[in-house]
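In the two assemblies presented below, chain A is common to both, partnered first by chain B and then by chain C.
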Partner chain A sequence: MNTYYAANLLIYAGVDIIACLALNLQFGVSGIVNFSFIVFQAVGAYTAAVLSLPPDHTPGFDYQIYVGGYQLPFPIPWLGGAIAGGLLAVPVGLVVLRKLRSDYQAIALLVLSVITNQVITNARPFLNGAAGLASVPPPLSSQLDPNTERYQYLYIALTAVCVVLVFAVVNRIVNSPYGRSLRAMRERELAAAAIGKNPVALKMTVFIVGGVIAGLSGAILVGFIQLWAPSVWLYPETIILFAAVIVGGRGNNIGAILGALLVPVGFEEVTRVLNTNNLNFGPPGLLSALQWVAIGLLIIGFLWFRPEGVRPEPRRVFAGSPDTVEVELVRPA
Partner chain B sequence: MDLYLAAFGFGLVSLSVIAIGAVGFTMQFGITNMINLAYGEVMISSAYVAYYVNRAGISIWIAMIAGAVFGAAFSFLLNRIVYAPFLAKGTSHIGMVIVSLAVSLMMANLLLPIVGYYSVSYQNSTGDLIRVGSIILTTNQIAIIAVAVALMLLIHGLLRYTRLGKAMRATSANPTLARNCGIPTQRVVDMVWVITGALCGLAGVVAAMDSDTFAIANGATFLITILAAAVLGGAGQPYGAMIGAVLIGLITELSAAAWSPQYKEVVAFGILVLVMVLRPQGLLAKRGALAAAG
Partner chain C sequence: MSGLPDQPMLVADDIHRHFEGMHAVDGVSIEVPEGQITGLIGPNGAGKSTVLAVLAGTLPASSGTIVFEGRDITRLAAYRRARLGLVRTFQLPSEFARLTVLENLLVAAPRNRGDSLFGALLGKRYWIDDELRLVDEARALLRRFGMSAKESDYAGLMSGGQKRLIEIMRALMLHPRCLLLDEPMSGVHPRVVEEIRYYLQSLRAEGLTILMVEHELRLVEQLCDSVFVMAQGKLIGSGTMASLRRQREIVDAYLVG
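Up next, the complex of A and B:
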């Protein structure tokens, strides 16, 4: 187990944890079924990439075409990615979240995810189409050679800082009175509206905050893998994150972290172990196809046998209240 | 102008394909209250069933029936084995959407090792060309239009004039009341899955015929166009879906002539977004996509 392998594992884990925390805030806590989550991650990644790449006529980069190319120093691409994720959430949220029924919201977002991918794939001049962007300069690469062990530790540290930061933010939101409003909206929107909570405002805020975090996760990932193409953000990638949140425990931040480690990271590792030990069987592609089948089974299995997940959302009851029992009964299962 | 007339002709074919699929989808949703995101994958699976029957040397028009039978049987079993138990357990609408998306993902990936990545096409002569002014269609394309018209009339007759159709409409309007009136809603729902499954299978085969070659990835694109037509017409409304199919079919083909055929689904999606912003309830439905009151 060398440093590079460990760095790869830890950084993917960090990115997946950040993504799952954001999705948990949207889906687990607030009940917004964001089937286009991966698009927000992709926007963050593309933004970070074009902010750190040189213009596309620079020698060495001129085999691809893309907009921008600003060569900005380190923290700006990551911040830019996060901001782009948040900005995208505004128009999408305004169209989808205002009037539609929740199941229509879900299908609208799913269709958005499929179509966005299709458009970026076909429109080559924008972000280099299907081939995607390559040779994205890693952050701080002018100060420290990215091919050194020290750089790997640095990247792990940067990712870890972001994980802690995101966890602190979402935890603060979930455990605040604001988080209570979000849960109230998830459980019964009409009742939440009746006591003066504005569901559209709540949803929009959560959608934007989630978009910012998703954009950040994309920026971190693209800095590390140094390439980004439509094939890495197809809509099933969102389903993996849903599987993670469902397995971990909807509405529980620790559960989201656990889910991120069990599902995306776990599956990636199992496939890697099978591949390196030549345990590959059947026609090429069978293993990855079976992996998706397993993800589907995991979702259906958990929704059937343990819908609350491995770490269920804590029941929040008012300890001092004489009607504790009644309070529990009011909450629909 | 000739280009647009020709595109109008293709539009007639595409709207026929979309109409078959969208009516099936919207009836599933209207009567069983289930947004079945695996619909596109059932379509493509049926297209492959017809492909294998066709490859055994049987005419595509008979293979089409095999596709419909597969679609019907598969949809019925899918509901009985997966969806109905989850619904009986009290899973929310959103939970059901997630379940159906998981099913769709599993189907696509179980199919992949069986049929492979490559595009295939039916063995079928395209038929003679028939010209009406600038509109040029093959006899096959005209047959597709005829199949669609016949199916729409059948659905109309079923919903209007048969006991089953009335029971379906009653179940759609108010399942509890329908049950209390002595309608065996369970059996009605089973029948709905069989009928819409057959439509779904037919739509898959016809769509595959219309697009010359097809591959697994087409499942998702089929679903998008059908969703757009169903939502445009007002989800749950068979007649709405027919109108939606006419509009989406014609607009996407005309836009392909004016702009680029690569962006047909994007145009369909654009219409979907416009409908969701301007008239979320769709053209015909009273409530449709609007948030339920309570």
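Up next, the complex of A and C:
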């Protein structure tokens, strides 16, 4: 296993963990079935790409056409990607989350995901259509050589910092009184409104925060793989992340991390190992097709036999509870 | 913020509620005086629960006005009415199942610094004092309602009667000015019915205003200072239970339905 391969694995893991933490906040904690999650990752990636690419008439980049091309230095593309994810959440949330019942919300978001992908694929002048953007300059590539081992370690470190930051943010939200209001809304929205919670405001906030985090995950990924095209953010990518959150444990941040490592990362690895060791069988492409079958079975299996996931949502027990000696709520020193 | 001293706390004037041509509530006017328990009775399908939902803002009124403590709240969303102190409960159990009993109470408490995105991001140190104060307040309620031993259990695992109590306690965490109770005794063991009756009487003694929809006339007689009677979306009478019993047509409407 060479360094580049290890870096590839770790950065994909980091990106998937960040995405799953955001999806867990939206779906696991707040009950928003965001079937267009991958679109928010994609908008972050495209934004980061056009912020770091030079204009599309620059020699060496003129085989593609795209808007923007601002050549901005790191970390602006990453921040821009995160902001773009949050900005996209505003109009989408206002249309989808205000009036629709939650099952229709899920359908509307799924349709949005398909439409967005189709539009970007076919409107070539916007983001180079189906071919997508390539040669996206990695962060700091004007100062450092991206093809060195040291750069790989740097990228891993940057990704790790983002993972820690995102984990801290979602943990603070989930384990706060605000997180409790989100869970109450998930359990019974009408009753939450009856005790003074504004369900639309709660959902919009979570949708935007999740959009920001998803956008960041896209920015990190595009800086590393240096290309981004409609084929990498088809709607089934969202289903993989849902599988991860369900397997890991809805409502549990550690569960979301475990799920990210087990499902997207784990599946990629298994197929890769099977392919490279010539254990392939059947026609080409069979293994990756079976991967989808396996993910479907995984979701159904967990929902049937262990709906709470590997790491279930914790039951919050407060210090001084009469039936237990567990202590959770203590004043920090 | 109180209304004029001689004004009822909650006044609904000529409220209508239509569902695609069906007049569930057809011009109902009721008044809920401060510090009393007011009953709303009538046969199944009379529109009692719809009136309650319109008063609480769960359903918007098709027409009519609702004034709470001198303020027109007809257009206010449900959550904003709850924040003003007009808090409802539901006919069907509506606990937050995957929250513990204690959390069901805590989540309803206003004025917790950690109950906003900003407060949450600032961290536990910022909101822990509010949280500890509210835990004490919630535990006092749990003791009063005899449910202390259950505080760390998931609310979804409680019995029907316990869920009723949770919902009443949850409403009380908002320090309501007026409670709207939708059949608080329905589907509850007779012993628990007596408990709930006792609690409601003690809340009234503390000055809480209550409007309750109820089927069980014996309970209405014991609890309610005055009663409104509905049938087929309209108000057909009001007064004390004793005076209503003497009105032939009301007894008929109720019994014939």
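The rule is simple: the second predicted complex is superposed on the first by the 316 of 333 C-alpha atoms of A that agree within 3 Å, B and C clash if a C-alpha of one lies under 4 Å from a C-alpha of the other, contacts with A are read in each partner's own complex, and residues count from 1 in each chain.
Note that contacts are C-beta pairs under 8 Å (C-beta built on N, C-alpha and C of every residue); 3 or more make two chains touch, one makes a residue touch a chain.
Every value quoted in this text rests on a predicted model; they were computed, and no experiment measured them.
In the superposed model, A:176 lies in contact with chain C only, and not with chain B. Using the contact criterion defined above for the overlaid structures, shared-chain residue A:297 touches chain B, although it does not reach chain C.
Once the two complexes are laid over each other on the shared chain, residue contacts for A:190 go to chain B and to chain C alike.
Looking at the shared chain after the overlay, A:313 reaches chain C, while chain B stays out of its contact range. Once chain A of one complex is fitted onto chain A of the other, the partner contacts of A:99 are limited to chain B, with no touch recorded for chain C. Shared interface residues of chain A, touching chain B in one complex and chain C in the other, are 190. Taken together, the chain A residues at the contact with chain C in this complex read 169, 172-173, 175-181, 183-184, 187-188, 190-199, 205, 209, 251, 313, 315-318, 321-324, 329, 331-332. Only residues 56, 58, 77-80, 82-83, 87-90, 94-100, 102-104, 106-108, 110, 112, 114-117, 119-121, 123-125, 127-128, 130-132, 135, 148-149, 151-154, 167, 170-171, 173-174 of chain C touch chain A when the two sit together in their complex. Residues 35, 37, 82, 85-86, 89, 91, 93-99, 101-103, 105-106, 108-110, 112-113, 116-117, 220-221, 224, 227-228, 231, 235, 262-263, 265-266, 269, 272-273, 276-277, 280, 289-294 of chain B are the ones that touch chain A when the two sit in their complex. By the touch criterion given at the top, residues 31, 33, 35, 95-96, 99-104, 106-108, 110-112, 114-115, 118-119, 122, 189-190, 235-236, 239, 242, 246, 282-283, 285-286, 289-290, 292-293, 295-297, 299-300, 303-304, 307 of chain A touch chain B in their complex.
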